[in-house]
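Structure incoming, see below.
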């Protein structure tokens, strides 16, 4: 039994933590959020230079052979500063699909991901089709033409390519579609957590390639599971900042002649926030330390359920204990709640994953 | 729209309240609990003299024509002192079945109930058959012989007669069985709230009468619905005493140089207890003021769900805030929790009634 | 004891429905149904329509133009308005400053202000909170110094709801800081057009501009605008807070939202069966409904008590806590229902001009949830309400 | 990072299992499975069996007879014991007074007491709480006055768990009341056979006799029984409380109970389908399981930190709070599962000689629930634990 991180993992965490601590204060983040692309290309370049974009790829794909633990450590640090750089969309989700796929030129695409030159978005969800991954209407025909509507395609406005998941005569498959492909149209929008996203309309759009016809659903599932670990870790980082911000704020703020942090009812609530964060960390650790695949999958469902509840709870309490200031755009705490709320609902609701857990 | 009580109702409440306040302190209650019959025959006589046992019966049955509101008012007062006198078992449940039944000599039996001379217990539940009323194995044959096992028959050791609900070739029926009937055996026990109860074993036991073959399930259902209103009202009375006892205790008890009631975290929890009690009262009022039968039935299911949760919550908090003293037999507060816990589980669990509410 | 309405009450209900049918402007109704924001003009239009009918003073004494309705009628009236999805009344004039004026104001003030409030000629806003004062309202610092027939105001107020639309503001100012913090506070009425007043928007989490900072820089106000006595403002302020009861609109409005949500659930799919058939969803909705019933009945108990001449007192804190918690729970159910389709930002500063695949309701779910974070904070945080209940009701 | 055991660890686990298979007395095992209470003799018998194997000192330093196991082995050992349903060790000697003696005691005390504790020759109990002191432990009043080579004790202790069985008691007494309440407290070891000691039972809600009042009436104790210095008892008392960590047994024991509950649910009917297929029940159990996983991993994180030489510190308060909350939740699930069949009173003072139709498990559900009300109160209430976390971990 071993619950320690390796030296490399500790180094990675320190390096991400250092970046977030010194180069990513709240003001910097909001500049990225309010920019056109919704993130800072300079940061993205830096991520590439530091090798972060190469982490979850095997060495023969040009990667650093990192695993879930490495991703989790990074995302926990990202969460502490609610980093908006599109790591999840590019590296975890699109990268996660690509690396498992049988796409011929996947090495090239992954290389572009790793250098940060190209961005790629995964397009799988559809309006009113719910959370079951295989429930899609989008059709990928024999000749590679694609018809369908994909929604909340993360980081869509920055994508050079889309990996479109759809029905195929063999069952399901992915289609690689470049952003300028005829018959494709992207409607871009901000999501309420400050990230960018979009809808992808495809009408007789010719794919550059159709791939992974044999196991597309499984590949998608694996990538999403990895995504859940990442956003859960991110949520835990955000929760930690939430209770720390709240402690800080209540210590500074005086009311009725003493600092708010001295009111016992508020103290106990901050303790509850801390406890939720700590037990969430423990559960994440259990997931990361579990080898057996079935057991791990079940636990990931459980993780998503737990994080959805704990994250929302901690975020809401943080805003409440900040009082009036908590609900202003100006204070950072509310932005943590927004991101936590998105994570709560990303990939499926807390109830959905409890049911998946029960059924597994 | 009218949410006021009538003068008669206010008088009734005052009279019950006076009895509980002056003649039924905790010590008196525990004497009843620890007596052989589990209640005080003198009290029962007094209840009869005051006309309380006649309340829910129509005038032609020798009753006072009272309704659910009257019962509810009484039970709320009973709950404040967790009265163990067997009103629910005799008057509400057995009386509730009898008054709706087609039993020939029901007037006589009800008269005995009203004068307090005879006690009657309803025997419907069976081991491991759950909460659905019609789910019984007990058989009442053509010739009136009864076979079966009935469990948690309230007030069984004091019963002169049993109203046994069972299967009958017409569907379901009740059998009237006297306590000395051949083939009947009562195993008596205390329940953990200090009440008495028992199992009724019936082996080729000859019934004095078989009745209400046409609508036994419906009659049982109506009596149980009335029972739910009564125990819910009782729970609300108990909840009120719980938060009041807690306020009193925390005001007297000093710790770290000030009275416990001055600790803000505890104050807020007492406020929560108070709020749960008040909103429970409101919901009960809604039930009492609703005429439409279907709507009322649905709301009674909802009431049982709400009371089960609120009662358990308030009782648990009361014990917790009493600290070490709260878990001793010596203090009254724990006995309130015990009764609240029984009410929580009587007639069906909180989950069961939420489902019934959803299905109605 | 029954919840049935009398024949007269039923007739009155029909009268309200008829009024709404005819006089509730269609274009406003449509906007409300879509969850769109109303313009200032539209809010005024709605209030004027009610004023024309003579129904603005439902909570006012008859002598000042009140309707003279009993509690049941008031209940019916507000319920029908909420069920029809009408905008809630702007409370700052009608429910907040008006009772202070008719109770403590001079005859001139009553004549000058009350009819205009009842007719919604003036839009009022509130100058209570200050940065740093939070729930400890009496620690306010905004200063007023008397100079001849005028007071000169300097300082800052914050969390002034809809201050950007207001014609008048009632302000708590410090006219004396030599004594206890509750002393030396004065209640004064200020014309928003007076030079030296600046209104700065505060953007809340949902991206909306609803609250403001109001800055006073040597603002000169006639001394006749002081209500009651100088230095007695804290008394009036507490009276006002007490009068700022949680409105009965809470429960019926939630019922309307809940119903539309239940209908939507029939066509919402998280899995292969509609959400309306999902056990988790059903349980959540059922428990919400039960709590909503309890809230509504608690309001009715309060009304009934008032009719019997009892004061609802600190029990209104109870309604405030439960009502706001339920509002937040309902908004959470809507966000969960939207799932990832609630992510596109449908708030007032979003890309509302873009045609997004997600439904409008889904897009609005998160902004509403975020907007509702404030309800447990404003008007005295729920924590403060608990302190009030502890002290005033439970005596601890 | 992995949860797999090494080959050596697996061998050790098998050794523990083999030991339990052979040496865990069958008649005790049966009683534990039935939920029956053990007699004093049986408790001693179990401890002696472990002592004979040399495994009592799993948390002790090797020099005093400890096993020298690493954290993984300790985890495996306690987990196997809990999963086999063994009685938990009586902690007052083994885990509470022993560390105080080996850290602060004299050589004579170490020699006299430690081997007997390790061999369970003496049954220890705790004299800490007093009526009226509650969580404010330092306000204790029980007095000890020195007379020659002896101290004379007068006063009362309470909540003394299993004091009716004890041979020795460690007591906090006040030897000086001139200074602050934390000063003038002395830690002293008292033979329960000393004249003047009276043990009176306290019956708890479940009807059980587990805790006691202990009265001291001119009890004369040799001065050599004082641990460390007179007046320094508060330091030792805090050290002891810190050492009284929530035992790792919590999670595995709950897992065992949960499993048996899940099995029973397959044959429990509230409606026409078994409870195990009921959605509400499934959700409740699933959420409990997830929380239990988190609790267990938090314990493991603590063990891992300790192995790296870090102190688990106030984080043990976190385990205490969550662990006890989960114990209560589990007991609640069992009570709900029993429904009305949990009503027959199956507690130790009930009609246990009567043959009741309800199953034994159902009858025991309420007494267990009632017994578990204490766990959030004893050993420092959960409220006090939160105060500790606020101060020591969060720095507020």
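By written order: A, B, C and D. Residues from 1 in each chain.
To be clear about the criterion, contacts are C-beta pairs under 8 Å (C-beta built on N, C-alpha and C of every residue); 3 or more make two chains touch, one makes a residue touch a chain.
All values derive from a computational prediction rather than experimental measurement.
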Request  = Report which of A-D and A-C is connected by more C-beta pairs in contact.
outcome  = A-C
Farthest chain relative to chain D (centres taken as mean CA coordinates) = C
Note = When centres are defined as mean Cα positions, the distance from chain B to chain C in whole Å is 43
Cα-centroid distance, chain A relative to chain C, in whole angstrom = 38
Note = Separation of the C-alpha centres, chain C versus chain D, in whole Å, is 53
Task = Any chance you could list the residues of chain D touching two or more other chains?
result = 280, 283, 383, 386
Inquiry  = Going by the contact rule already set, what residues in chain B reach two or more other chains?
reply    = 264-265, 267-268, 354
Key: chain D residues within the chain C interface of the complex   = 279-280, 283
Key: chain A-facing residues of chain B, complex   = 263-265, 267-268
Remark   = Per the touch rule above, chain D residues touching chain A in the complex are 1-6, 9, 72, 75, 282-283, 286-287, 289-291, 293-298, 300-301, 304, 308, 315, 318, 321-322, 383, 386-387, 389-390, 393-396
Remark   = The answer for chain B against chain D in the complex is residues 125, 127-132, 135, 149, 151-152, 187-193, 197, 199, 253-256, 265-266, 312, 316, 319-320, 323-324, 326-330, 334, 337-338, 341-342, 344-352, 354-355
Task = Sort out for me which residues of chain D touch chain B in the complex.
result = 129, 132, 134-136, 139, 158-159, 202-205, 207, 267-272, 278, 280-281, 332, 335-336, 338-345, 347, 350-351, 354-358, 366-367, 369-370, 373-374, 376-378, 381, 383, 386
